[in-house]
Structures are given as structure tokens and as C-alpha cells.
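Read the structure below first, then the notes.
So that you can tell them apart, the chains are marked A, B, C and D in the order they are listed, and the count of residues begins at 1 in each.
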């Protein structure tokens, strides 16, 4: 699906994800609230990497080779898309505990 | 019979440092829409106070704070974590106080509470002078222990031993009671408050309130009695960096050699 | 609240901090800045030394530019304790009425400064990074607040003395040029050393030092070169340590590397660690969280090595390379080592 | 001093989540003198809630004085644009004068962080108890009846005769306790949003607004969200603009276009770029929107518990209408009302709480969901026509219809008609489509 609107007005700012995540207020509980139920499934069975595809914040990163996905839980915006997207139901998804995680200032 | 220690922990409400923004045009600091929260180093002070009470085997932990009425929220945080009580020092007369009158008010209240140990955070994120704890000790002429990593109570000798962080090493220093302690930022892992305790703290708990007259210092506080005045506040311009991204390690080696 | 007559207060004092005869480097840095301020104010620069058998240090201070030295010499002051130091310092201040008092912002300076400022109702500004005097000779003390995002200028118009604790590493130290001192005509550089009455004795003290271990733990705040290990090291900091050795710098670390137990806490740089100002800071596998940047942003040159091109550290670095630190760092170490050999041959 | 509290600790009801449904329920119960405990996982109500940008307030108006609520602008203009990915836009704009007078068609743009906190304060003022920074991790059950909740704090269990599950789209507690099935990824949309800060007059000039008037722009077609089913939106606030896209997680998972790319491309479309250029970004956010409609709705009533708001899938998205806020508040109100009645009768099993489900089914909440229930399958299998062919056909037909040359108007009309019929598959195709979409307009 090609996008023909590269000639659009140039001062539409689309900052890199790093700057976008920098605008989100976040408190780190120190441990990940996300995990994979059975690592083996990702390595052997998964070919679609849906978790990586749907994530708006690059939390999931599927390495080549056979380790489970790398989870940058500090980026998580708590939308939950990965838990629905994974066709193997292999995403362990919990809320960050006791008030940690994102704190939206607008929402 | 173990002596119960009266432990007072000083806490402060500050604008959340994450939300203090700098207006790009005027360069002025914008604290208005930053929510007021507990000064983060004070979380280590509360934890140290609760641990001390547990190690002494008894005694009371009373949180005190100086500020406008909404500041009682940080007393609720302390009570929710396990402090027994809280006292709010609030009075229009306190307005504009710098370290000198602030530490005076806290010192007088600590005396009122017959404190054996006063515990503070290392500094506050909004003024970060780190001078209030030594100020309290000086006003009361009590012993003090700053940059503390660990506390070792010796109730039988009325002494508190602390491991202090000093440049290039550490010290173990014993201090006679009463003593004022400043706990190093990040030196312990604050506990999570119990659910029922937090509900009690945020609903039924009411702090006592004390004003300048109660402490007998009504004409020793406020702007007039503050030696230091803020002459100006502007944004710190970030250090200019070249941001050069190199392709090969030998170019990087050259840059390293140049910087030596 | 007694009104102070500011005109009764003169001279710029610099506190020379020493432990068992070893002077803290920041004291000589403040002596240099003190000299400049004293000349601006056309007043004397006085060194204040508290300790045991410290006359030699007082002489050193004069050789480095102080006009006079005041010395409180007694066993009660060794090792350092806040209450005796505070009481003695206060007594001398109340007696001699200095206008400006500069103290190094070390854990010692920031520990006892309050015990001087409170009883004398002096204006104390902590952790300054810039000093100046305005045209009426009023001290302008500038310091960072809000995690370094803002700079506040603090004044002390109606109270004296004007006290400030100042961060280490801001100024170049005042040097001794073989017996002569900075600035003044070298020949007459003797200046009086005066021993003041000691007002403290042991029974008055309320604290005792049981143990003091200094020098066993790295003091990364003093190092000129720091090579820092971050989360990207995944447990193996050996290559980073080797690079530090070849640069004869010190190993430093981000909070993640310390929390994971790969590096000892005393080497942590950042909000809950140390603030450093080396000439060269090499960040290996460090993403660049704001809490870390706050501790190393004053480094002269920052080099960043990270495999994520978007890592914020690159925005705060002078030179960087995107790559796996386990490849890049050993290569740098090797090239620098060959470079040393080459230099040895050429010398 | 030990860890147990010395407050009496007995609550009539526990509400999980201080979002719109949870707070509406808590406010309603508090006003009927129930002892209500609201447990919010965020540091304050609103910190964990993200939405498009427009709050619909018909039920809110019955609970509080909307004039006191922290709103940004009232919606004075609705605009629907169809975007082709060649850069064309065909749009319909409505600015009924009546919307400029209160109650402004009960449509306001709001900032959830401020609104939710204010709304929760009304419940607290009415007597509810709010505890924050606490996450409910499970339900407490005694032989099948729900008797309380477990939280992630020490000594974290607490009991009450009824639990109102208003946990939002990620209804982990309801799913964990098997009160509802986890939705299929075809029935959930991922939404990403950007809030940009502007000077107030820039916004008012750019969107032709004055005073507190605002607007709600919605966009569809491949030019908006690419090869997926979904849409984009722009909602001007006082000094910020909300810009976002939402589309099915199914498509995000299979069309290898990340939500961030879809948002970036939406912003670059020639019809969108002039409205969003400049300013500075102050927040990037993401959220999930349940779109399973009435089929995906779980049982709303259980022994000792009810489910309300997004957690019950109560969001209407049929392209034209994107409504969740009104449904959340309405369902919260009905939940609170039914729980209060049940408590007063002293019985809180599913039968005693049944009026909640009846009232919600008889309200606009479920009626609208049922009315547009067909819409989902329709959209899915007619996607290419609606999102790819129609936008382009409309653009081409307009060009023909409004062409300025020396041929006759008849010429233009017939060419425009031909282009449309070509897209719909002739007269017969057009009739079939009209029949299929009759419910949209009827």
C-alpha cells in the first residue's frame, strides 16, 4: 500500500518513537509486568510475530534465532493489543503494580 | 524492658519533578500543572523510620510536614506505609521561609514530640539544598548523621550508630540521642502500604495541626527571617554536544585520544 | 531577630577540608575562586583550617594565594565530626565576622555547614556551581534545581556571613609554583598563620567515629576519565573495565548495572549515585535515562556506544558509534593499546 | 501499631476502576447512602484512561451539573471525510446553529486526566471512598458467589456484598474469573493518539471556531487508515488538538503496518496535514476499543457482581457514530441503581441484581448496539468497496460533476453517474448496496 502523500506539508512533525515515548509520564516498578507463557512456542511455532506487529510502542522485539521475544516493558502504554494479537495466546499480560507504569497527563 | 524510641520523620510535599515543565518561549519554570507529591527521597526516610522502629522493637513513628493544608496528603502517605501519626505545621506566617526558619519550625515540633531520632530525606527535589536536616540539629544543638546508608540502634546506650557514605569510602559513626538523621537517596527499598492501612490513612486519619504561635516562633519565620532570597530562576541551557555519529572504531579512538 | 550591620563583615574565607593531613582537592579549587572574589571585593582571602597538626596545610594555603590563615588545631578535630567542627567554625565566624565563607560541597562540607549557618543566621546556599559578586560586593550564588533543568541565583542581602557550599570540579585548583603563589608578588608571600582558641573539648561532643575506611572504595568523583557500564553489558563488564584500565580511568556504572549487582554501588553515576565531571566519559551500553544524564552531563567530552540508534544517550554525546559494545569496546581497547605502544616508541 | 486499620472496613459495594462507568456507579450508590469503595489502579482517576476526545453527556447531565465539569469545547461542527490514498477528500460538514446553545447536543471535547479526576471527586463528595495506586488482581468467591476482591497490596483482600467490575477494555479480573471470554482480535481495535499543543488562536483560526465552540472531524477510507477497517479523527480542545487513528487489531497483526506508521501516514494526508502541522507534541498514547458489539457482550449480572462500561464491550462504532462515554455512564448509573435496590432488599445474587441487565437492555445502550449489530460483518466483507473504491469513485464523480469546460452539464452528470455505477457494479449493484445499508440511515 504505497503512500503517495510524501509531498504533504513538510512541517507535520512525526517524531521518532523515542521522542514520543519521552512525552509519556512513567514510573518503573523495577520488574516487567509482561511475559511469555511458554518461551518455546515463540521460537518453534510463531511465524507471524503479531505481538511485535501490533505494538504501538516497540515493546516486543522478536530476535532471529530461537530465543523468546525481548520485552522492553518500560515502553509499554498499557493498551493490551499484544494480549489479543498473539494467535497462540502466549502473552502473559498484567497491570503494572501499585500505581506504576504510565500516568497519562491528557489521555 | 526495651526503651521505646520516639521517631519523627520529616516529609515534604513538592511539585512532581517529572511534570515541572519549562515554557519553551518564556523559558520560565512552570510548576502550576505539576501535581503535588511526596518528595521522593523522603520515601527512603519513611522506610528507614519504620525499619528503625521494628529493630528497636517498639516506639512511635510520627510524620511531620510544614506546608499549606493540602500538604497533609504526604502525612497520609506516611501513615499508609505504617507511621502511627502525623502533624501538619501550617501557618500563613511560614510563607516564603528558606532553610533557616523551616528547620527552626521542624526542630521545635521535634522537641514538642520529645523525639529521640529525627529522620529526613537527603534533599528535596524542588530546592535540593540538603540543609534542612543539619539545620534541625543545629537549632536544637543535637547530634546529626548525614548521607546515611544503614542504621544500627543501641537503645541500651541511648546511641544510634550509622554507616555514612563519604568520598572514597565510608564511616561508622555513633551519635548520642537525640540525633537528626539524613538518609541517602535510594539507600533502601520502600515497602508497599497495606490496603486497609491506606484506606484508613486516606479516609479517617486526621493529622494534628500546629501553627507558628503554638511553637512560639511566630516572629522568627517567614520571608523576613529568611537570610537567602532567590534572586532569579532561569532554565539551565543544556550542555552543547557535537552529536557526531561515527562509522568506524578507529575514528572513535582518535576522538578519545583527542579528549584525553 | 537581631539586625546585622553588614559593614562589620569583611574578607573572603575558604574552608580547607582535610582528613588526617590529606586535603580535599575542592579546597584548593575554592582557594583559586576565593582569590578572584577577594580581589573583586578588594578584601583579604583567609584560609580556615580545622584539624590536628595542620599548620603545614595552613602554610600550603598561604603559598597557594591566601593572605592569612586561621587554624584551630586540636586532637578533638581528628577524625572529622560535625558537632565539634560546627561549634569551632561558628566561634571563629562570630569572633572575626567574615563577609563570604566558601566550603567544598563534599559530604563533609554539606554535613557541618548548617551548624555554622544556623546559629550565626548566615545565608547558606548549597551545592553551587557558579559564584560571582555584584557591584555592591554581594555574593551571587548560582545552583541547579529541578534535577538540573533550571538554575537559581541566590542572594543574601541582609545577613552575614554569606555562605556557600560549592561543587567539586568547577574551578581549576590554586597551584603552588615552587614556594610562590598565584597572582601576588611572589617574594613577600608569607602572610600570618594565626592559631585561634579552641572552644571545643571532647566531653562536649555528642558523636564518635567508630571506623573510617577511605581510599578502599573508588572515588569516581575525582577521576578524569570514566568508562561506564550500562544495562547493555548483560552481566559482563570485563571489556568495559579493560577499556577503563587502558585509559587509566575508573570504571563507573548506570543504576541498572548496580541494581543487577554487576558493579559496586560506589561507582554508580546519576540521581541516586554520584555526580561526576570528568574530562572524558565513555558510556557503554547505557540508554541515557534522565536520572543518569543528570549525574554525568557536566563531563567535558561524552562518548556513547549503544546498539540502539534511538537511544537518548546519543543526543547527549559528542561522539558516538552505533554497534554492539562487545565488538566495539575490545576494538577501542586494542587500538588505544597499540596507540600507547606507538607513543612509547616515538617518545 | 500493627498493619490492620481501625476503620470499620465494611463496605456495601466495591467498584473496580474509577473510569466513567465505575465513577457513575459509585456516585449513584453513594447518593443512595451506600458505603462504596472505589479501587483505582492509577495514581489518580484518569491517569490510565485514553479516549478519542468527545464526551457525550445526556446521562451525565442527570447526575451532575455539566456546566461545572472541566470540559474543553462543545462540538459545534461534525465533519465526516472520506479519504482516498491518492490524496482526495470528500467531506460532509454539519454546523447546526442549535448546537451553539446549551446543552450543545450533549457533546464536549474533554481531557480525560482532568475530567475523570473531577468526576471521581463528585462521587467522593457524595460519600464514596476512593483508594488509588491499587490494582485488583482477583475476585474472592465463596461457593460460587463473589464476596470481595484481592488487590496487589499487602493484607490486600477486602469484602463487600457486591463488586461492580468497571475495569475497562482490559477486563483482566472478569476474564480471570471466567465471567467473560477474552474478545477475539477481530472484535477489538487498537487506537493510537497524539495530543499537540497550539496557541488558542491558531486552533480557532484553523478550525473556524470562536469562544468555546469546538469541532469533531472523522475520517475513513484507505487515505485515513490504509488497507484496514477503522478511521481517523481530529478533535480541537482549548489549547491542544487530539489526533488519532483506530483500526482492528486483526489488521494491525496481519497487514504489517504498525499503529505508529498508520498515525504518521494519516497525519501526512493532504487533507489532514494542514490541520495538524506545527505545534508541539505533548503526549503520545494508546488504548484498546472493544468493538464486538452486542454479540461480544458478556453476562452483565452474576452472584455478587455486575459488569459495566468498556469491560462489558459497551462501545458503539459504526463508522458514523463512535460512542463509548455515554454508554459507560449510562451503564454505570443502572449498575449503581440496581445494586442499591439489591442491598436494600438484603439479597445480592444474580436474580436480585437482574434489573441492572434489564434496564441496560431497555436503554439506548443495547438498543443502539443491536440496531447496528449487522454493521460489523457488513464492513468486514465490503471493506474494499467502502474503503478503497468508494472514496476514489466519489472523488472522480465530483470532478466530473463539477468539471468546468465547454461540454454540457448533462455530459458531466452522465459521466459522474457512470463513474459511481462503475464502482457499485451497475444499477443492480447500487440497489443491493442501498438495501444492505438501509439500516445506517433508517
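Rule of thumb we're sticking to: a residue touches a chain if its C-beta (ideal position, glycine included) is under 8 Å from a C-beta of that chain, and two chains touch if they have at least 3 such contacts.
All of these numbers come straight from a predicted model, not from anything done at the bench.
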Tell me which has more C-beta contacts between its two chains, B-D or B-C.
B-C
Averaged-CA centre spacing for the pair chain C and chain A, given as whole angstrom
43
Whole-Å gap separating chain B and chain C, where each centre is the average of the chain's CA atoms
23
Separation of the C-alpha centres, chain C versus chain D, in whole Å, is 56
Tell me, which residues of chain B touch at least two other chains?
192
Where chain A touches two or more other chains at once, the residues are 17, 97-98, 105
Considering chain C alone, which of its residues make contact with at least two other chains?
none
So the touching chain pairs work out to A-B, A-C, A-D, B-C, B-D
Would you mind writing out the residues of chain D in touch with chain A in their complex?
41-44, 46-51, 85-87, 111-113, 116, 132-135, 137, 152-153, 169-170, 172, 182-185, 188, 190-192, 194-195, 222-223, 226-227, 240, 242, 249, 252-260, 264-265, 267-270, 273-274, 276-288
Of all residues in chain C, those that touch chain B in their complex:
1, 24, 79, 81-83, 86, 106-108, 110-115, 117-119, 121-127, 140, 144-159, 206-219, 221-222, 225, 247, 255, 266, 271-273, 279-280, 282, 297-298, 300-303, 305, 314-322, 328, 331-332, 335-336, 339
For a test of understanding, state which residues of chain A touch chain B in their complex under the given definition.
25, 97-98, 105
Flag every residue of chain B that touches chain A in the complex, lowest number first.
18-19, 33, 192
How about chain A: which of its residues touch chain C in the complex?
16-18, 22, 30
